[in-house]
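Letters are used for the chains, namely A, B, C and D, taken in the order the chains are written, and counting of residues starts over at 1 for each.
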Amino acid sequence: MPESVFADMAHLTAPLRRFGASLLARYFVLAVGLAAMTAFTVPEWRSAAGAWLSACLWCCLAYFAAETLIRGSAALRAGAGASHFFSLAGVIDILGVVPVPIALICGVAPPTAWLLAALWVLKLAQNSPGFAQLGRVFRLEARALASVLVLFLIVLFLASAAMHLIERAGQPNAFGTLPAAMWWAVVTLTTTGYGDEVPLTQAGHLLGAFVMICGIATFGLWTGILATGFAAESRRRNFLQTWDLVSKVPFFQTLDPSAITEITHRLRRVEVPQRTPVIRRGRVGDCMYFIAAGEVQVELNPASVRLGSGTFFGELALLGDSIRTANVSTTQQSTLLVLDLADFRTLMAHHPDLARAIEAEGKRRMSDNQRRRELHLQGGTSPS
Amino acid sequence: MPESVFADMAHLTAPLRRFGASLLARYFVLAVGLAAMTAFTVPEWRSAAGAWLSACLWCCLAYFAAETLIRGSAALRAGAGASHFFSLAGVIDILGVVPVPIALICGVAPPTAWLLAALWVLKLAQNSPGFAQLGRVFRLEARALASVLVLFLIVLFLASAAMHLIERAGQPNAFGTLPAAMWWAVVTLTTTGYGDEVPLTQAGHLLGAFVMICGIATFGLWTGILATGFAAESRRRNFLQTWDLVSKVPFFQTLDPSAITEITHRLRRVEVPQRTPVIRRGRVGDCMYFIAAGEVQVELNPASVRLGSGTFFGELALLGDSIRTANVSTTQQSTLLVLDLADFRTLMAHHPDLARAIEAEGKRRMSDNQRRRELHLQGGTSPS
Amino acid sequence: MPESVFADMAHLTAPLRRFGASLLARYFVLAVGLAAMTAFTVPEWRSAAGAWLSACLWCCLAYFAAETLIRGSAALRAGAGASHFFSLAGVIDILGVVPVPIALICGVAPPTAWLLAALWVLKLAQNSPGFAQLGRVFRLEARALASVLVLFLIVLFLASAAMHLIERAGQPNAFGTLPAAMWWAVVTLTTTGYGDEVPLTQAGHLLGAFVMICGIATFGLWTGILATGFAAESRRRNFLQTWDLVSKVPFFQTLDPSAITEITHRLRRVEVPQRTPVIRRGRVGDCMYFIAAGEVQVELNPASVRLGSGTFFGELALLGDSIRTANVSTTQQSTLLVLDLADFRTLMAHHPDLARAIEAEGKRRMSDNQRRRELHLQGGTSPS
Amino acid sequence: MPESVFADMAHLTAPLRRFGASLLARYFVLAVGLAAMTAFTVPEWRSAAGAWLSACLWCCLAYFAAETLIRGSAALRAGAGASHFFSLAGVIDILGVVPVPIALICGVAPPTAWLLAALWVLKLAQNSPGFAQLGRVFRLEARALASVLVLFLIVLFLASAAMHLIERAGQPNAFGTLPAAMWWAVVTLTTTGYGDEVPLTQAGHLLGAFVMICGIATFGLWTGILATGFAAESRRRNFLQTWDLVSKVPFFQTLDPSAITEITHRLRRVEVPQRTPVIRRGRVGDCMYFIAAGEVQVELNPASVRLGSGTFFGELALLGDSIRTANVSTTQQSTLLVLDLADFRTLMAHHPDLARAIEAEGKRRMSDNQRRRELHLQGGTSPS
């Protein structure tokens, strides 16, 4: 397990720590609400604990209503009411509060009315930064995806009509009408294959085989378009996120713009919460870190050193042998830029001056550490 | 929701506006015709509204016949009759008109004859520009795809023969003949899995598991080939579409050919219909626009400014902070070239003179706006 | 339909023309043999036409035996007997001839013995150049694919054991033993989903959902590895095939090695049989051609011009407007190198001297054509 | 079959030879143990050979217990006990030994207790180097994959609720509760399609078709993300593995750092065990080899030449025609760096001095061979 795991895992759990209780509480209410809503549709559970489930659902609804009110009034105070209520987040907020009471007032039976609480699941999309990314991929590739969809429709229609002709005599229920045959064609083209409608004649089998192979081809094109689009979008997004941070690291200021562009493509941003280990002594190191914001503490032998925003650490393991020589952890919530070993080497080859600067700093630190340790040892304390 | 959505959405709906009523009418007739054809195969609906459905189908047929005649006579007048009638579009036109009447004349029952109207769905391919692209991918990758198909056939044949041997004693109906076993093999290799024929013995299960894994491997290769081919084709197509437009923007004329090639790879073309907002004030901007054709109107404070073909806008948000400072909308149908923020930064790094030119223009505009606003404020009107 | 279709389609059918009757006959015998073998397993067809099918099968066997003997003796004469008989092609030849007679001699019933003729399908792999490519991808990515397979095995074993525990009480037939549960797990992980064994309890549904999502993840990795490997292999193969041809075109000799490498990456090789149209007058051109071997005839107005190996054509449509000005067809079997419009533009930008040379030749030809046509018109004949 | 197969296959079997008996024994015990565990769940087999199976299982458990003890005590002696027992390998070791005895002691019936031996399959992950790679891909793409999972959850919830509403009247068993409808939605979204729950109404069919198409889109995104991530990770890993070896080849020392970076990206590392053929005379060569460690023996005509670490061979086939002129095999376990023909040509174009050095060495060797053969022929022996 390479040691860059620490920073990555810290990064993954960072949002929870940062937003703290409020976001955690929100996800908890969401999970409880969706579970209660699901349980409320099962007659046995409803008869066993209907009152509890109902109370639970009303509490969740109250929580979401309060949230909607707070956000809405904040938006109104900021003079952005209209744009808030017509934004995606605003609509999701309202969809989570209004439909259930309306349904209950209209006299819909509670088990059915509470089904509308399934709309709460949309709240997951409100906090997910990746959704904008997925949406962008679909929008940019819209024309290509539409072509695939047209291909899908053409095969669907022609295959249904042909299968209806072939199989309607033998299976009037399954293929007797075109809508029934189209259901078979969709189930087959998507390679779902329920098996509720299956051709039985030789000709039907031949056509079915052809439809399945078309389904795989269509699917392959669809996957190819999304894969290509997503890869481009990821690169673009990472570049934009990293660019602003790179400009804050003084070390990169001396580079020419084209080198900055190159290094921006190679850095990866991680958010590390406070008091989290980033590097563990004795582990094999495969990356170095630049501090874009925050502060870390390097636990050297006699005392520890603090490094602030704009400095870098972890370069020793990349220059000499790859074993980390000290523990490093954050003292506050920090934003680090990770430079991988492979990218480090490529960058060093293309920008020898950058290489020299890092090496010089590395050597200075190594001799510092050496000197400090010697002083310390002369002072008589042995390292644990 | 980033603001480039406006231009993109405008772009997506542009064909409808441009071709206007005629294309919309066509899609409407197509949808109605296919729906009526589908409904006509359902006995209940036919007995309930058979006359209406029939009338509807005849109307659609008449519309398509008229369309075919108009196009055909236009082609004949242009002296390109033969090449039109043997082109894909010509064949699709004729396939949509001729088969149904012939079938009815030959005495085929109407519900069966009208099934041939399923060929109308091919008309979707006539207006889809992406189809040529998909076709090109299949043609260029034909040899690789054929290899995968051969692999598929080999596994199919050998697995069917082996499964027939293993299972024919226990399930004479499902695996008693090789064609039946081949049906199982196709259903399994494509991972469709109807479940109408399933091996029951231990040996059959082992062979079945192997066939499924082969199916996934074959599928993966197929997807990989199409994904690779499609990505290359998309890049090529975008380059060609953008190239001609780039040469029309005077701003790029001063660049050396290799820079033009680079910028062409990074620009994305969008068609925006008239009177459509492109940039909204106060939104976060992530791209700038070059006008290849058409005109836009920038709503500055006292008065608005018009920018014509060959100019650019939206660069302020990329140079300074990223909030748009004015509304921009088209005054006529326009073709814009979008330069994304990430590509903008990379380009600026590689071509500092381009960067300087854009920056100078940006500063000039900012001071212009400033001056104008001051003059205006001295004149006593406050911005809303 | 872009006009490069002509060369491409000619290219796809070229192998048939080149190997001519012999290869066509081989595929015909193969198709007939496999069809007869398949039909021979169906009792009705066997009783109806058993003698004919049997005769057909024996003829195919005789054909393949003759082929095997001819190839084998040729290899023996060339002193390469051992390496031939242990090569893939040699083994496939023998597998197509020996097993059926041995089975018949051993007293196996004919319908069963002839099942071994399914091995004939392997002959498809003998002539398929893409197979070596697929094999190479699997070999180079063997370690990554093995990791995915290990992941698959781990999920398979743990999910089977857990599902066996959960469902064995309720469904002793479907999940009562671990092998039965493993059959369910394979069917589910590959997303085949026959539905012959389905969990019925809530816990079983939860585990089943988890297994399906794992299946998609595994599948995605598998596809990703194959897609990446195949893309790299395709690029490599095209480069090698094109390289040797590029060195035969004098036009490229003057370029420096790095430009040759670049152009080699961009050219695409097509084989065109004799007397095949490559360019049609009036079509939109999107590529130019270099003749690596063979000869083409340009049908200019009064007379036609022949261009031999080492020359190029079709550049006019890329330099000026994109309409082809003449028909071009091959006079003999030719190997052409296609340079796409997008690549042409990029190359021209990077190598201005190459651009100048092509442009000069293009202009020379245009003025030649002009002069010739004028002379011709003065002579009084009007073009049709 | 290209000749680089030799080195590749040798490479694939190398781990077995290197770790020798111990690793082979481990895999054998693992296979036997898992097979016995599987057989032990089948009542017939248990009643027929229960004692044997039980003995077999206890032996495997003893083997794994011994292995765990040996590793654990080695770790304790090295003072790394805690980090070993909390590492993945340590946990897997303990999971393979402890659970079964505990279950048996707690009075669980043996056939059920031995099911816990399914955890042994995790041992496959201990020796698989690719697992760290897969884990890294999942970690780096965690945010994108989470977005897809959220999309999946949203579609799942909304589709289940809608389908429950639509179908609960007609099929109270299959869609009567939300959990049941969710089971249908998972089975459909993953395109598994058991067919145990299938919508029967027209509205249900429409919704089902939409869910299937959503399933394919989600799947495509998931595949795209993993494919992109895996490709990047493979490149990175190959670069790191090759880098250290490149620095050991004196031939590359003279190159500038950017050339070394380029060549490192193009080389591929293979491990070849001792006395293994790498090149076979007469085969078509498509790569050359650099010896990073070890030694090879070139079987030239009269005598053979040994080449040690830091030298290269196989370059003649790339410079002149492509037929190998000598057999080459390893004399000891060696690490070779393979340079493919396509990459060789690209490198030669970019680094003419490298090309000249290799060519000079090639010519020297050719004339050496020539001279030696002449001397030998004058001495009267003819090559076989």
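We adopt the following convention: contacts are C-beta pairs under 8 Å (C-beta built on N, C-alpha and C of every residue); 3 or more make two chains touch, one makes a residue touch a chain.
Worth saying up front: this structure is predicted, and the values here are computed from it rather than measured.
Q: On the document's contact criterion, could you list the chains that touch subunit A and likewise touch subunit B?
A: Touches both subunit A and subunit B: C, D.
Q: Shared interface numbers for subunit C and subunit D above half of all numbers used, same, or below, different?
A: Here the answer is different, because the shared fraction of interface numbers falls below one half.
Q: Taking only the C-alpha atoms, how many degrees of rotation bring subunit A onto subunit D, rounded to the nearest 5?
A: To map subunit A onto subunit D, rotate by about 90 degrees.
Q: Report the chain whose mean Cα position is at the greatest distance from that of subunit A.
A: When every chain centre is compared against subunit A, the largest gap points to C.
Q: Which whole number of Å gives the spacing of the CA centres of subunit C and subunit D?
A: Computed from C-alpha means, the inter-chain centre distance equals 27 Å.
Q: Just the number, please: Cα centre separation of subunit A and subunit C in whole Å.
A: 38
Q: Which parts of subunit C, given as residue numbers and ranges, touch two or more other chains?
A: Answer for subunit C, listing residues that touch two or more other chains: 179, 191-195, 219, 223, 225, 227-228.
Q: Where on subunit A does subunit D make contact in their complex?
A: The contact residues of subunit A facing subunit D are 1-2, 5, 8-9, 12, 34, 37-38, 41-43, 112, 115-116, 118-119, 121-122, 124-125, 128-131, 133-134, 137, 152, 179, 183, 186-187, 190-196, 219, 222-223, 225-231, 234, 268, 286, 340-343, 345-346, 348-350, 352.
Q: Considering the complex alone, what residue numbers of subunit B touch subunit C?
A: Residues of subunit B touching subunit C: 87-88, 132, 135-136, 139-140, 142-144, 146-148, 150-151, 153-154, 157-158, 160-161, 164-165, 176-179, 182, 188, 191-195, 198, 202, 205, 208-209, 212-213, 215-217, 219-221, 223-225, 227-228, 235-236, 239-240, 243, 257-258, 260-261, 264.
Q: Enumerate the contact residues on subunit B facing subunit D in the complex.
A: Listed in rising order, the residues are 191-195, 223, 227.
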